[in-house]
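Chain IDs A, B, C, D and E follow the sequence of writing; residue 1 opens each chain.
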Amino acid sequence: MSGSYDGFGRVSRRIGKLFRGVLFASTLAGILTLAVLLVYVANDAFQPLTADPGWHLVFLLTLVVPTLATGWLSYRRSYGTLATGLLGIVMPGIAALYAGGLAALFIDVIPTLVWLSFVIALAIPAGVIVALRRTDRSVPFLAELSAVLGVTVGSLLVVPGLVQGLPTVPADWMVLVLTLGLPEAFLLGRWIEGRWGRRDGWIAGAAILVGSAVGGVVGMVSGFGAVPGVALTLFALVPTGLYAAIVVRERPDRRIGLLLPAVIVVGMVAGELLVGALGFAGPESWVDWSFLTSTTQSGDPRSVGIYSGIVGTILLMFVVAAIAVPAGVGAAVYLEEYAPNTRFTRIIDVNISNLAGVPSVVYGLLGLGLFVRYGGQPTGTLLVGGATLALLVFPIVIISAREAIRAVPDSARQASYGMGATRWQTVKNVVLPRAFPGILTGTILALSRAIGETAPLLVIGAAQVFGVPDSWTSTIGAMPLQLYVWASTYASPAFYTTVLAAGIVVLLTAMLSMNSIAIYVRNHYEQR
Amino acid sequence: MSNADQSTDVSEGSSGDEYAVSVPEGRGRDRDADGAASTIIESRDLSVWYNDNQALQSVSMEIPEKRVTAMVGPSGCGKSTYLRSINRMNDLIDAARVEGEMLFNGKNVYDDDVDPVALRRRIGMVFQQPNPFPKSIYDNVAYGLRLQDRTENLDEKVEEALRKAALWDEVKDQLDESGLDLSGGQQQRLCIARAIAVDPEVVLMDEPASALDPVATSKIEDLIDEMAEEYTVVIVTHNMQQAARISDKTAVFLTGGELVEFDDTEKVFENPENDRVEDYITGKFG
Amino acid sequence: MSGDGATDGLTRRTQNSSRELLAKAFFFGCAALSVATTLSIIGLLVYEAAKFFTISAPLLGIDGPTATLTEFFTGSEWGLQGPNLGVMPLVAVTLMVTIGSGLIAIPLGVATALYLSEYASERARSYLKPALEILAGVPSIIYGIFAVAYITPVLDTLFGVDGLFNVASACIVVGIMILPMVASVSEDAMQAVPDDLRQAGYGMGATKYDVSTGIVVPAAASGIFSSFILALSRAIGETMAVTLAGGSLARSFDPTSLASYLSLFDPDSYLEPGMTMTAAMIQLLTGDVTGGGLAYRSLFAVGLVLFVITLGMNVLSDVIARRYQEDYQ
Amino acid sequence: TSNTGTETDGGLSGDINISGSSTVFPLAVAMREDFTAEEMHPNVDISVNSTGSGGGFTNYFCTGDTDFNNASRPIKGVEEGQCSDNDVTPVELKVATDALTVVVNNDADWFGEEGKECLTVEQLAEVWSAEDKPTTWSDVNSDWPDEEIQLYGPTDASGTFDYFIEEVIGEEGSHRTDYQSTEQDNQIINGVANSEYAIGYMGFAYYSENTDRVTALGIDNGDGCVKPTLDTASSGEYQPLSRPLFTYPAQSALAEEHVAEFARFWLENSTSESIVADEVGYVPNTEDERDEMLDRLDSAIEAASE
Amino acid sequence: MSNADQSTDVSEGSSGDEYAVSVPEGRGRDRDADGAASTIIESRDLSVWYNDNQALQSVSMEIPEKRVTAMVGPSGCGKSTYLRSINRMNDLIDAARVEGEMLFNGKNVYDDDVDPVALRRRIGMVFQQPNPFPKSIYDNVAYGLRLQDRTENLDEKVEEALRKAALWDEVKDQLDESGLDLSGGQQQRLCIARAIAVDPEVVLMDEPASALDPVATSKIEDLIDEMAEEYTVVIVTHNMQQAARISDKTAVFLTGGELVEFDDTEKVFENPENDRVEDYITGKFG
């Protein structure tokens, strides 16, 4: 025994290896199934095979090869460089998507004049608040509150009428430049001033304001539309430019990553020009401009569009967010910051986790009973649909907001209470600001769940053929509902493999873009 | 290995107080000379429980105004609990329950009509881990003033507090930067500035230097010394030398939440009445 | 120093200032809203369902047709003409979907959890977990379209299905949909198994396989089990996918005969269409609902059954999960 | 493409909600499309819900939620009662004539030789009646295959269902319930197209869009087999299954100009070969019928605006 | 207050070893008497890194067969790391990297042809926290045997292991109950039984008694003493007295992962060669 090596033997790993393989295959099974289905959908939606081979060849040469090469080069430099480049593609893409949604709202739903009048009406009480804060501090809270409320109500009652009655009104796009461009210029200018100094801040602010106006004019002249021009400038071009500027100034080591988006843009333009010149036909994609912007409903796949669904979904999300977020965050604050450890608190606790598991169709019944049958609302309206979906995501918002609040370190609260802060002051000054990114992430994820819900909308009596809503009480549609209608009312094989595929692509793009924003926010703040 | 070097003299030791902590000459004296200071905080038979677990046992003690009072004792003996029961921070712990009286300027802070929030505005607090808010340096210091809506002359008050906390010169050009970008020692001084900006009468400090390096610690100690000119300071510490260096009075708690000795610092360290205190001070356990 | 007035300010009640009370009242109201939601769900379902049943309807002033409890719970046909008001045929198909999707999601989900928790590198996890989240995030209507447009044709070539609708395709998509829930809840349970136990196993000369199957899985058993219940409850409440894929044929199902229960396990019966509780509700709603009529009220009766089943399962899984959390602190 | 350009001035604006018959649904959608076209009234927002005639009356229209209810049978007495309880006055407008169509799979060869597939009214009644539900085709006719019958049809909220009971099964009999019932008539077509032993029935429009996918049976009402076509329906040869289709505006809604205008637009186009027959697949109104309906509408509008 | 009492004699102390730990009479001798035991484990210049952080520095040492070898040293000095590198448990930590040799019966366990799983079947291990599997007592003990498919006479082997672990009498009537239902001390003995059931040559123990009360600790110490009849025991401990009481050889590690002294226990405690070791053993730091 002593000192001699008698071999330890080997323990067979064959079963272990097999087992590991099985586990790995199982892990991929679901993901791959979905991937295959998505490939089918993408094929049906974009019909890439209907394009000329020459078309593919041109884009391979102008777009795919240069992009891969640039990507590989950036990756070789560092992973961060590649990530910088990828973000430079994804960010403008998503920004453009949402800017488009915003433009659609102003074109179809919210008359710009009404918007302007309400902005002015709300600016007045905001000014009053600032003035109150600045001057005499001895105003008691209730007096201040009632003053602010009074001014707000009064202003909302009087001002919109006055503004809308003005003899001359600015053009749509000018209203947007004023109401959106000005604040954005101001805020980003301030932010840049803090980062790079006063001069740069002013330049940036002015550039944003002038740029948005130029965007409007260019849009008008080019026929693209003045409103989309302004929206795209403000919410896609400006953030993109800012991103590029930040990379160039602050991350010189990653500057080269910006080549990637540049190569892609140049490649797309060059490819487009080339195929035009050479006469190669592109694919007969079902996801095209007319699909995205048409409100037509009929049995002919070529003529229908998803526009009403898109606008409906955007509006629903506004209503859902406006109801569910304050209520959900409020409940989370109560449970984390106020609730004594009583039986009642525990009941709320258990109750919330159970609410999160209630089937969505039951929420539909709740909406139907509560709002339609007993609330006297008409069926299938924006308000009823939004409120029903808000109830559905309410527990999800609470749960994620609680997590975010719980992650605020206790030392921060202690510091505040130790200074003689009241509970509300602590919540307002310490807890909510620190929990904000987490709450934002949770909210976006909750909304992206709501985006896909169909059953509750059907239950509250949403119509099968719907238009673009223009008031609270308009009947509403949504993207998933549109898919259901196509899949049932117009169900024919032609629909299944054409517009339905295209609709899936649009819906998933909206959802995934929301999720990626949420993931970005989460990662961005987790690093801190 | 200074640690090891330092303790080698034990083996050559001859008398009972090799470990005894020497109280610096002149410390305490200059303030004690003008006779006993008036009492600002007084506890009477104060007991605290966490659920069924008693953390303080009938503690009675009088804390003098504008003096530094140190609390020492082994881990878990209830020092922090005592400190936190002065400004009712224990209210925030559901499990905590208090019996007995804690008088502040003669008023029992546990009376029903006392508002703990108002109380805490007059009794500042500094914690073990520096915990500045993730706001600018300026906003950190202004925090308490804004809470109380005392925003006239804010700039001046912020500057004054930072000067008193011996931080002004280091940060005056970066008031807009985040308080989190400072070093640990600076952060702790920022927390002190934050606490004194609202002009409290008492400042409670729970091991304010234990997370800091020696240089930062000595700055904080100097600061505490100066603070006693204007404020009553109550400080919890694990470090005997520190207690000896900076305090006028020392309270020794032992495991179980008992106050076993409370007297002038010099007396406690040089001639303790209680044997267990002597053992503890000379480092024989704890 | 501590002269008169030194303690004046102490009694200022900042805590009860109107600002504080207003804030607190608002937050409390929000929290109470969650209870109110539950109460209104229960109240509404019970109240409207009560109008459906013969024993309670007259009390609520309903004089239209009603159903007896016996009819509802033992009837073997669903359909609102005549005396066919049995909910069991719907429950039976719901059960089939639950069984079928469970057969897919449970093994795959546990395997996924085990892989992620025990085998996957940090890097692999960082890709796989978001990918799984996407599986759960894809809206159920899209899964429904997948089932009809892509999965049913495959099933047709493999097994030959009659018509457009079948339960099997619904089971497959619902299985994929609930798989991430099994995986993530099970994985949490496995991660909660203290590392001590794994170390003990490796210290005894166990291989990774031995540790995973012999130590981790048994130790996480209650958590894994609770993930099954949670996921199956999700499958039961699933609506759009089963509506599109399963069709709207109410099967007949005799709850008093053993044979009908056995048929739930007959693979062939999965290749035929069938209507779940949720699909029946959607079908009632997209046509049949006659305001305040029998169909409308039956909708709430079915909704109540659905709610009670899913609530019961959620509570059960919660209880089980709490148990295992107590095991390891 | 109508929504990105600048606003067209002119045209009416407002909302119109339509519920009811799935049979009339395609016709309503076609009318909506033309009415809201760019050069007409793009700011009028029309939503159409296919709920079945009965479902629409009782749940939407008579409760006052919708402005129009389509129906593939005349309104029933109870429904009228419910309407008047809620102060809703339905105005009956006939908009087209339908041939209720019975369809089977293209591969089903036992109904007769190609192009002459036929079923008698009695056989049809036997298949769909709840009396002694045949499970296989051979239960109906022993020459037919011993295969299970797959049934697809409208739900009991639909006018088609009511009409089918009345004309085929008979008032006293009852319709079987073990079939795929849906308010989405395309689902019936799909179901039948995918299953060799299936049978289903729905409005002619859905068949006319899918003549290559399913086969329409001729119906023998004792006078030989008649295939459903627009001609046989308008001539009344296709018996007993040709029937009128209606839309019912609520009289009070007609006080609003855009609603009245839409109703008028619909009636004026109810004689349009291209919309009603070619695009949708029903028999257009005759000019006389149209004029009669227009008169009725005008007087209702007048009554509404008083 | 035995703690305080015990240390009062410092103040009367006269020589340098008031704190010195006395090695029990007769301990180690009876086994050492028959000359040096043969070496079963030997490390040669063993260094271990966790990422860039070196935890062991070129440690060379020979561990004798069928003896108890103790490892002591301040927290973080690498004791556990050394122990875990004997049976290659460090393989499970991605960050860990080993250089040098660790010979077991003359074979370097880090050779490519060594299967760590097979190695661990011959070197048992007991951890700081008792960690029985959530299975029955019987299944806990049978676990290793079943792993190795050595299931003949399972009942007897389980009983024998439990007897050796001095647990049989206490649990023989509840073999089917969960191992988690036992007391802490019983759980730790169950873990020892589990380790020795497979008849390992070496048993590694990482502070096996530090989570236990004094009574349970003394049972474990007795057990280790008996185990040395049959097994080689390597034990990490924080407790000097314990090391002195139960070990034949003692290795002292100091911060930085250095092995500064390795010799017969008696020698190490009574006459250490290295001053820092003396300081450490007499409790002056660490």
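What we mean here is this: contacts are C-beta pairs under 8 Å (C-beta built on N, C-alpha and C of every residue); 3 or more make two chains touch, one makes a residue touch a chain.
Only a predicted model underlies this, so the values are computations on that prediction, with no experimental measurement involved.
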Topological distance between subunit B and subunit D, in contact steps: 2
Any chain in contact with subunit A as well as subunit D: C
Taking each chain's C-alpha mean as its centre, the one farthest from subunit C: B
Relative to subunit A, chain with the most remote C-alpha centre: E
Pair with more cross-chain C-beta pairs in contact, given C-E and A-E: C-E
Euclidean distance of C-alpha centroids - subunit D vs subunit E, Å: 87
Intercentroid distance (Cα basis), subunit E paired with subunit B, Å: 43
Centroid distance [mean C-alpha coordinates] between subunit B and subunit A, Å: 49
Distance between chain centroids, defined by C-alpha means - subunit A, subunit C (Å): 27
Interface hub residues of subunit A, defined as touching at least two other chains: 11, 422, 461, 488
For subunit D, residues contacting two or more additional chains: 50, 59, 182, 184, 187, 190
For subunit C, residues contacting two or more additional chains: 14-15, 205, 207, 210, 286
Subunit D residues within the subunit C interface of the complex: 22, 50-52, 54-55, 58-59, 62-63, 130, 150, 155-158, 174-175, 177-184, 187, 190-191, 194-198
Residue ranges of subunit A touching subunit C (in the complex, touch as defined): 11, 13, 15-16, 19-20, 22-24, 26-27, 29-31, 33-34, 37, 40-41, 141-142, 145, 326-331, 333-335, 337-339, 347-348, 350-355, 357-366, 369-370, 391, 394-395, 398, 422-424, 427, 448-449, 451-455, 458-459, 461, 480, 483-484, 487-488, 496-497, 500-501, 504, 507-508, 511-512, 515, 519
List of subunit B residues in touch with subunit A within their complex: 87, 89, 92, 94, 117-122, 124-125, 127, 129, 131-134, 143-144, 147-149, 151, 176, 191, 194-195, 198
Subunit B contact footprint on subunit A (complex, rising order): 137, 194, 340-341, 409, 411-422, 425, 429-430, 433-434
Touching residues on subunit C, where the partner in the complex is subunit E: 194, 196-197, 199-207, 210, 214-215, 218-219, 327
